[in-house]
Structure formats: structure tokens, C-alpha cells
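One chain, chain A, appears in both complexes that follow, with chain B as partner in the first and chain C in the second.
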Partner chain A sequence: MTYDSYLFFAAYALIVLGIYLLFPLKYRWTVLLGAGALFCGFLNGPVALWVLACAGFAYVSARHLTTLQDRFAKEKKDLSKDERKALKARYTRRKKWTAAGGIVGALSILLVLKYCNFFIGQINPLLSLFGVTEGIPFLSLALPMGISYYTLQAIGYIIDTYRGVCRAEKNFFKLLLFVSFFPQMTEGPIARYGQLAPQLTEGHRYSNENFTGGVTLILWGFFKKIVISDRASFMASEVFDNSASYGTFALITAAVLYTVQLYTDFSGCIDIMSGTARMFGIRLPENFRQPFFSHSVGEFWRRWHISLGTWFKDYVFYSVSLSAPFMKLSKAASAKLNKFLAALLPSSCALLIVWLGTGLWHGADMKYVVYGLYYFLIMFLGSLVDPLGAKAAQKWGFDRKKGVFGALAVARTILLVIIGMIMFRAGSLEEFANYLWGIVSRVNYGELTGGVLLCLGTDTPDFIVIGAGAVMMLIVGIMKERGTDVLQTVAKGPIYIKWSVMLGLIAVILVFGAYGPNYGPVDNIYAQF
Partner chain B sequence: METILEILAEVKPGLDLSSETELVDSGILDSMAIIQLVARLSDEFDVEITPVDLVPENFNSVQAIEAMIRRLED
Partner chain C sequence: MEETTASKTAPAPAEESPKPEKDSKPEETPNPEKDSRHSGRKLPPLVIKGVRGVCFFVLLGLMLFGLNHVYLPKNNTKENGMRNASAFSFYAEPANTIDTMIIGNSDAYSAFSPMEMWNAYGMTSYVSGQGHLIVPESYTVLEQVLQNQTPKVLVVETDTIFSKYTKQELEHKTAEVLLYRAYPLLQNHDRWKNMDIAEVFQLPDYHYRTYAKGQYMSCKVDPYKGDPKKKNKVIQNPEMDWPVKFYLNRIKEVCDEKGIKLILVRVPCLKTRSVDNQALIRRYADEIGVEFLDLDYENSPVNINWKTDTRDKGTHLNCYGAKKVSLYLGQYLMDHYGIVSRKDDASVASAWNKDYERYQEELEKQAKAEEQARVLANIGK
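For the complex of A and B:
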């Protein structure tokens, strides 16, 4: 996204809001639908086609699911318990096939466009083992922006309908709006139907609080992205792209800067999108909750990209864990292992599937598979040793989340996350290994005293701006952790305070934004997924 | 209630969870622990716990777990 496109997005959102408010309440959702369609056009023509296909699969599948549900409710009346059980089993089977059809349909678009070449790349070496020299040719397919987000959202809707959590939407265009609400099309957050759809279609009146709350959040997002992320990106890229020329301290600094970059890039963009939605009176789900205050990696992933984590938890982890084969595995494990391991084994197998999926969701590359396995291993080992920690804490009477132990747990989590970030940023697994080896083997104290760290492609003031920005984020984060949402308090406060804060943020973005000849606009990292 | 507490102690050894009312919200029970708990509860009480039942409200306290089991037994 370039700075022009930020301005474009802000202007677009304001124009859409103006038109939205001109329409009668009952028809305001049509403005959002039109805005989504037009936005698809701005992103890339064919995006609209994929969104339409995805919504089509979800619509047909969910409608049939609700029909089956209604038929079952009607037919089960006046039946005996056994007859009801048999009827339920029959309908459950039909519902499963219907849901599977919709899910496979929606997923197939994503699989073909995003993973086709990855699988071809895995199959070709196998074919060569059998003497097939001419492997399957790679396809030249463009990945539509945001496809990984709206596909998961549509699949979530199908599963919710299957589970009876919601009923199918009768109006196709209302469902299409749920899949194509323009602020969340490129980077999510991935919303649930029951949570978002009613807000989109009910029509909202203008509210000062929503408008200023939304604008403040948007400006905060721009601050994170333009002032911190893009500046950190410039410095991190310098080291990551020339990692062989740098020693331990520069490599560690760049890894920390990349972590800051990714967090401010993604959470900043989500703030912009959530702020835009809020101007319309629509609340998008929370996607970040101060992840760097986590005491464990598991907790980190419950606070980072929350909507993706809960999606995988609710629709993959729980579904797999409670499936018949896994319940059988659980029973078999109970018979042969001690109670703790018997309970841990099946859930760990399901967790492995989740992390392979989460890794691959981030990209069609072996690097992301290993990235998923890395987090799986940490969590699995964490579950294994957690009881020991609990017993030690009980025996010696300390709280693992407070004081020195709490601080050490947070530091350990941040360290493990930064290692994950290096893998995420490295071009390949080999680059990742070389980077880690560089940290361990190229200790050069001259980097600390010679000023290398202060001129990683830029100069000292850049470090000061990033440092000051990080401190600001830290203060806002600590206050939120303690129950005070500074941005929303400002939005609800007296007019002179909210305008001072908004104008102040605009001034900071204009003065300290990473513009000028040294910088280039940086694409949103998570928009490519 | 006693049985549920025993199962909880197997899944989360070393903790006294009898008076906890935010087992899920405070992060004591994560999704891994919930699945381990569900496997043992289904076995012990012969109930079918589905993904729809896996919401924090059903697992935040021993009483909530007991209420869910009673509901599913009916």
C-alpha cells in the first residue's frame, strides 16, 4: 500500500460514509455492498469473481443445511426416542455431505490459486524418482488479495450453519456483503457471521462517538504503520538482505526491529480497518490484545491475530479433536498410557494439524510448514512440562505470572517469538539457519561501540523516533492491560481533548512519517496472505 | 462435583481449582486442556460433548462444567 493509497482509502471511506448516511436506514447495507464491489474493482478485477464464487458456495450450502435442519425438526415430532435417534443420524449424514460440499467448493478456489504450485513443487521431485523427467508444469496464477481471509470467513459461516449456531441467510446479497465488507477484505479480521452480519445489515445512524472513535483509531493505525513500521522495515531490511555482512548485535537488533515492524504493520492496518468500520457504527472483532505481555507462547497466539487463532481453534482443532477417530485414539491411549499422557496425546495430534494449517495459511512454502511445526513443538513441550512448573510454584509458594518469574516468562516468550519472526522474514530455511548461525558465531563488540547499530541504512534520529513510538505504544498497551482503553477514553472525552489528540496524531504522522528520499512505501505484509 | 474436580486435577495437576470462576477467561484452561477435559468427561459421564458446547461459559467453573454435564445427560 502506498501513501497515495492510504489517502485514497481514507477519502473512499469518508465518501462511502457520506452516501451511507444519505440512504434510508433500511437500505444502508446496499451502500456497503456497492462499496465492497467497487473496492474489489480497485484491488483487482478478478477478485470480485472469487468473492462471488466463495459467497455462492456458502449461500447454496448453508441454505440447504437450514432446510435439512427444519425438515428434521418437523419430522422428529411424534417419534419414539429410538426413531428420533435414527432420523437424527440420517440427517446428520446428509448435513455433513452438504457442509463438506460447500467447504470443498470454497476451499478449492483458495487451494488452486494459492497452493497449486507448492504442491506441484513437492510432487515433481517424487515423480523424478520414478523416472518421470518432465514434471508437472508450474501454473502462472495471480493470488487475489485477501482470499485467505474471506474464504475462511465463508467457511466459518457454513460450519456455524451446520452446527445450528446460526440460520442461513435468505438474501444472497446480504451474505455477499458479509463476505465482502470492504474494510476487512484485505487483512481481516476474520469475523463470525452471528457477530458481524446483523451489524452490517441493520443500518446505523450517525454517531459522534463512533465517528471520532473511528477516526482516532484510524490515525493511531497510521501512526503505527507510517511512523514506526515503515521506518523499522527500512532498517530491518538492510540487515536481513545483507545478513552475511553483519555480526551478532546488528543481527539481533534487526530481528527485534522486524518484530516491531510486523506487529505495527499488521496491528496498525487492523486499527485502520476497525476504525473505518466503527465510523459506520460497526464493531469488528478484536485482532490483537497486547501480545508482547504474554507469559507463554500459547498465550501469545491467543493475543496475536486473534481472529485467525480462534478460527482454527473453533473450526479445526475442536472439530478434529471431537471427531470419532480422535475420540477412539483418546480411549486407546487411556488404556495404555498414564492419565496425563493419555489426555495429552490426542489433543497434541489435533494441535499438530492446526499448526500445519496455520503455517500453510501464511504461505505456500516449506518454510511456513516448518514455521507451524516450530510453534507446535514449543506448545507441545510447554504442555509436557507445565505440570512440573505448577507443582514447583505450589511447593515453593510463588506465582508464575508475577514478579521476577512473570518477567522471566514474558522475556522467554518474546525470545521464542523473535526466533519465529526471523524464520518468518528469512527468504528460505537456509537463510534462517545462516542468520541464527551469524548471531551465534559473529560476535563483534565493535558493532556496539563503532556506531554500526545507529546507522543501519538510516541514522540516529530514526532510532529515536522508533524508540519514542514504541514507548508510546507500550504506555497505551499497559493502560489497556489495566482496563483503560486510552483511544476510546479520548473519543468519549471533551471535544477539546479529542480534537487535540487527533490533530496531534496528524501532526506526528506528517512530521515523523517515514517519507522522503530515504524511504519507500512498504506493502502491508499480511495483505499478501 | 467430586469426579469433575478429580478429572480437573488430572488435566491441571498441582492447582486448586474448586473455587475458580474464570478457568477459561483467566487462561488456566486453554483449548488443549479443554479437549483433554472433554475426552475424560465424555468417558466418565457417557455424554456427547460437541464443538458447540465448547464455549467459555461451560468451562469457567466446576459448577458450570457440572451444569453442562447435567444438561447433556438429559
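For the complex of A and C:
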């Protein structure tokens, strides 16, 4: 999706809102369902029907899980403790199979559509070792937009039902709405059933505060996307696509700009989506919380794409950590290792699985597997040496999160994240290695003095706009860190402030936005997942 | 240092996400306490909201109008931010002095020479050509032409009908063109980078006249080395995309309303020559009742020599080719479309004669430079 697609989306959302408000409260959810179906069909064409299959697996599986739970609750009455235990074991087994069936069903759609060629690419070289020269042919399958998001959402729902966190939805269409709520369709955030579904179905009245809050958030999102991200993209694209032609300073500048581009692109689009949902009185989960203020990479990932991180934590990390083999491993580690390592080892194994999953979620490519491993390794090594840092801080009496040490920790995190971003953007691992080698080996001061950096699609005025935009975001971020949500304060504030901010944002977007005949459309990065 | 345990590195807990929000305020609930403060002059909340909404949109409108004015080019020159300035210098021509208007893409601004037509027949014409122009854009150009001119004949160069864009891209481009036309700030906003602050307070005054009247003058010779007879792009079932057809029909309607005679012309261009496409245009022209003058075929009366009359291996004509096409078209329009000489009209002729002198000077300059370049190249060999 490009900026004009988002404009179209905003206009569509306003029309849907108008229709939504015309319906009786009780049936307003049907408008959202219809809008989701239309939007999904418009985006994806016939492959949009996969969302039905995904919701179908979740519906059948969750319904059966709730039936089993109810049956168990009924049957366990009047039983002795041992009988109850045996009954519970039996039902737990059945529930596991039911949940597994639903998860495998939903996941298989994603795996086939998104990952089959990746797996074929890995299998074919192995087959050739055994003399099979032809190999498995690659498939040409259309990937519906947003499938990675709604599949995780559906799986989360099945697991929540399995765990008894929520009861299965009886109405298939209400579940379908949860899986296909249109503002989330392209880039998430990945919501939990308990958080989102009741909001979607209960019906909301018009509220001025929600409307202006939503519109302000949408404008802020457009500001990030059109003014900063798209403007930063031109130099980043030029240098990343021709990295062998550039020296250290151009490569570093492009890496920084790409990091800015990705952050403002993704968080800007999430703001547009959240603002849209907000106009309907619906709050989507937070997806970003000033990630570049993080003191460690671990903290960064708790602030960046939060909904994905929490999904992996709740549904993969905990599931793996609490599984029987891992409990056994934990016990064995406790018996043979010291306390620190005994705690670290099993959780690190679970974390490894989480990061492999996170990497692969981003794309069907070995690059993304290594991308996940990169972050795992940093966190694992960080965990290993952390006690030393804690001891040093205690001995010399400094706070690792404040003052110079805090600033150094933030700078180190940003540096590690930028390296991760280079890998994320590079076409392949080889390109990534060459890019890093270029930074180290091609020091060319002429790039600084000869104005080369200003001739790569981003000139001085562009840098000024990007810089000023970044400063604005920094101020808003600092205030949010200190407990003041500027945008919400504006939405609740007096009318002259509200209007000034809204009109000001519109003016800034119109004048300083990177759109129009001089700019090509820039596709949204995270919509590709 | 990184965190001590892996569980710490795992992402933040789900419960930190915002809780479902119940609507804070019911719709239109009057507040008697609040209202009592204004007792005697109470307005219903809906009216207050309506007035506020209107005020907001009035302010928004004023702001949009102001921004549009600030970034509007104040003169029709490149320096003043006018895109494709030479295509729009018709703005600077005195009202109703252009009898033949030609609209098209790069083929048009390369193949037509208004000054040759002036010199030979006393015809006043202007060629508004833009690279990769699409038909919907031609329509918006026509709208702009009609603000100041009412030509007797409109020539639409047909290479624009088959653009390089896919149907989806074309629809997208059409939407863009219409948006830019409706609200020019959308294409002019980038002028903040190099705009003179004094321009902010000026009113638009398009007074920059060009002597070439939109022609791209190039005397460069870069011959086509193949066999022109073999050049023909075979297109299975050629089609006109709906925006093309829709806006061609609109152009025809506008011409009918204004009493302008419309003619479709295909100029020689080896790169896009296609018997199939040209047949489609002919069918379309018959359908809407206009003439299609095809000058792009072997042995056409224009008699283009692809060794000497092209500046880029058969894609575009140079000034020599343009002269041939213009002389043929000029005569054709005089014979069949009632175009008359303006040489006796003193108010027009003096300015156009001066323009022709400058045109001749430029031609001679370019021809000389080309000759020198050829000599130097031969010495080099």
C-alpha cells in the first residue's frame, strides 16, 4: 500500500463510519463485517476467501474446545479425586488434539501460501545430493495481504479458548469479524480475542472525543509516513540497491535513513489504522512505545511491534517453556548447573524457538532466519554478561539506565538495531556482508566534502525536513515517556488547540509530504508480510 | 548490558495493551447545569456541533486556498515552477490568436513546427506536448487552452492513446491528473525547496511567450539504421483502455460545444508504429465521426527520410522531419478545415514574424553546431 492507498482507506473508513452510525447499536457490528469483507475482497480478490477458511478452522476448533470444557465441568461433579484426575487427563488430551487440529489447519494455509517455495528451495539441494536432478517445481501462489497477521490472531484465539481464557464465540460471523476487522487487515496489530472482540460486537455511539482523537492519530500517521518515511526512502533505496558503488559515509547514512524509514512507515501506518478504529470507538492494542529509547535490545523488542512480541511470548515462549520436555530439561539443568545457568539455559532454548519463528514470520527466506538468530544471539550474550555489568554497577555505584551510562546503553542498542536493519533491508546475506564490509573498508572522505550525500535522492532541504520531523517525533516520544500522551491531550483539549493541531498537521503533510509528480509511490514495508 | 534472563528479553505482557474502551459520552446528552450558565440563549447541542463543524471546514477551506495560492507558479516559466513550461506558453499568447491547437506527447512536440506553418501559410498554431502525456491529461490541457483561446481546429496526436502504462496504472494516473487539476497544490507543493519568498504575495501572471510555440527544436541527426519497412508492432486484439476512450469522447464533446473541428493525427514514429493500433484508431475515429490522418506508414505523403529526419534512431523527428510534417499538415488543414492565413492581421503578424526570425536564428545556430560536431567526429575517425 502506498500513501494514496491510505488516503483511499481513510475515505473508505469515513464512509463506513457514516453507515455504521446509521445502524441500530445492536447490529453495528454487521457494518464492520461487511466493510471488512469488501476491503478484503478489494485488496486480495478471490484469495481473500482464505480468511474464511482460517476463521473456519478457528471457529470449529474453539467451539469443540468449549464443548469439551463444559462436558468436563459437568462430568467431574460427583467424582472422586482420582477419577477426576483421570477424567481431566482424558479431556486434556482431547482438548490438545482439538486445539492442535485447529492450529495446524489455520497455520497450514499460511505455510502453504507463504512458505512452500522457501521449503522447496531448501529441499531441492538435498534431493540433488541423492541424484534427484529435477527437484520439486516451485509453486506460483497468490499470497493474500495480511495473512500473517490474521492467522496469528486466529491461532491466539484457539489457544486462549484451549487455556480457558475465553469461551468460544457461537456466532461464526462475529468470529469472522474478529479475524477480519478491516483496519487491521494489512498490518495488524495482532489483537487478542478478549481485548478486541467485545469492542467490535458491542456497538458504539458517536463520540466527539473518539472522532477527533482518531482523526488526529490518522493525521499523525500520515505525517510519519508521507513526510518522513517516504522522503527518507529515496536515498535508502538508491544506496541499498547499489551498495557496491558507495563508501562508508553514504552506507552509514543510508542505514540510518532506512531505520528511520522503517520505523516511521510501520508506526505511521499503525497510527492510521488505530486512528481509524478509534473513530468507531474501538481501541487497538499498542504496537510501538518509543523503541529508540531502549537501553537494551530486549527492551527494544518489548517496545517495537509489541503485538507480535507479546503473541510469541504468550503463545510460543510460554507454551514451549512449560512443555514436558522443557520441564525435564529445566530439572536436569538445575541438578547439574549453577543457579544462574540453570535458569538461563532452558529459557534460552525456548527463546531460540521464538526468534526463529519471529525471523521466519517476517519472510520466507534464509535471511530472515539469520535475522531472528542475530537478535537471539545478542540477547543470549547480553544475558550471559549482564551479571558482570550489574556487579560493576553495584561496586562503583552507578545506575546503568541513567546519565552517561544510560545514554551509552541507548546508543549501543540503536547501533545493534541499525545493523539488524541493514540485514533486514539487504537483498541477501551476501549483500548484507558486503554492505558491512563496505562500511569498514571504503572510507572516502570525499563523500562528506564533495556533496555526494546530497545527490542520492535526498538533498539538503529533504534532510532538514526529515530532521525536523524526527525532532517532532522525539519531543512527542519524550512527553509520552513522561506520561503525557500529546495526541490524546490534544483530542481532549480546548477547541482552538485541537483545530490548530489538526489544521497544522494537514498543512505540513500537504506541503512537506513526499508525494506528487516528483516522487514515486513508496510501498509500505510491513504490508508485505 | 542485556537482561539477565531470557524471560526478561521476551516481549512485554499482553495486559499492558489498552483495555477495551466503553464510550465515554452518550450522544447529544444535554447538560442542564452547563446550559443554565447560558440561560436565556440556549442552543441545542446539535446546532452547536453543526456550527463548529462548519467553522472548521471554513477554516480548512481558507487554509487550503491560501496554500494553493502560495505555491501556484506566478509565471509560466520553469524558474517559476511551471512544469513543462513550453507546453503551457499558450497562456501568454493574446486571446483567440491561436487557430490550430495541437496536443500530444513527445511525438507531437518533436513533429510539429508552428513556426514553419506560420512561415508557409500564415497559420497560427501551438503545440502543447508533454512526455508520456496520457489522454485524460490532454483533456485537462484542452480545458486550460479554452480559458484564453478558441482554436478553429484541435489536433490530437494519437500516440498518447497507447501509453506505456497498464490499465491499472492508467487509472491511477488519471486520478492523479484530475486531482492535480482540481487542486494544483498537490503537484506544486514541492516548490518550497527553491521558491522565492516574494512570489508568495504575487498574483499569477502568465506572460512568458516562446518563439517556438511549444516545439522541441532539435537539429540533431541520429539515423535509423534498419529497414523502416519492417517496423510494425504486432498487437493482438488492440484495445483502448476506458480512461482513454472516456476522455477522447469528452474532448470530442467539448469540441462540438465550442465549434472546434477535431482531427486525430498520427505522426511518423518507427518506435511505436503499429498497423493494428492505427486500424483501431481509424475504427474509433469513424465511430465518433472525426477524421484520422495517418502519416505513419511507408510511402506516406510526408516522405520522411529516416536517415536524416530523426534525432534518435526513428523514435522522434528532428527539425527537418518536423518541417516536412508541418508543411503537409498545414496545407491539409488549410485545404480541408478552413484555416486561413493571419499574415494580413497586423496585430498578430508583427509578433509572429519576430518569433519566426528568432526561430530561424535558433535553427541556423543548431544546424551549425551539428555540422561542427559532425566535422569533429569525422576528424576523430
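Note that in this section the second predicted complex is superposed on the first by the 521 of 529 C-alpha atoms of A that agree within 3 Å, B and C clash if a C-alpha of one lies under 4 Å from a C-alpha of the other, contacts with A are read in each partner's own complex, and residues count from 1 in each chain.
The definition used in the following text is that a residue touches a chain if its C-beta (ideal position, glycine included) is under 8 Å from a C-beta of that chain, and two chains touch if they have at least 3 such contacts.
The structure displayed is predicted, hence computed values, not measured ones.
By the document's definition of touching, both partners, chain B and chain C, reach A:379. Set against each other, chain B and chain C touch different numbers of residues in chain A, with C touching more. In the superposition on chain A, A:488 makes contact with neither chain B nor chain C. Contacts of A:351 after superposition: both chain B and chain C are touched. In the overlay built on the shared chain, the residue A:434 is in contact with neither chain B nor chain C. Once chain A of one complex is fitted onto chain A of the other, the partner contacts of A:290 are absent, as it touches neither chain B nor chain C.
Contacts of A:248 after superposition on the shared chain: neither chain B nor chain C is touched. Touch criterion not met for A:30: it reaches neither chain B nor chain C. With both structures placed on the common chain, the touch criterion links A:69 to neither chain B nor chain C.
Of the two partner chains, chain B is the only one that A:394 touches; chain C does not reach it. Shared interface residues of chain A, touching chain B in one complex and chain C in the other, are 298-299, 302, 313-314, 317, 321, 340, 343-344, 347-348, 350-351, 379, 383, 387, 390.
Within the complex formed with chain A, the residues of chain C that make contact are 1-14, 16-21, 23-27, 49, 52, 56, 59-60, 63-64, 67, 71, 83, 172, 175, 180, 185-187, 189-190, 192-193.
On chain B, the positions that touch chain A within their shared complex are 10-15, 27, 30-32, 35-40, 42-43, 49-52, 54.
On the side of chain A, the complex with chain B involves touching residues 163-165, 298-299, 302, 313-314, 317-319, 321-322, 327, 330-331, 334, 339-340, 343-344, 346-348, 350-351, 379, 383, 387, 390-391, 393-394. Within the complex, the chain A residues that touch chain C are 4, 191-192, 195-196, 198-199, 204-210, 281-283, 285-286, 289, 296-299, 301-303, 306-310, 312-314, 317, 321, 340, 343-344, 347-348, 350-351, 354, 378-383, 385-390, 400, 409, 459, 461, 495, 499, 503, 506-507, 510-513, 515-518.
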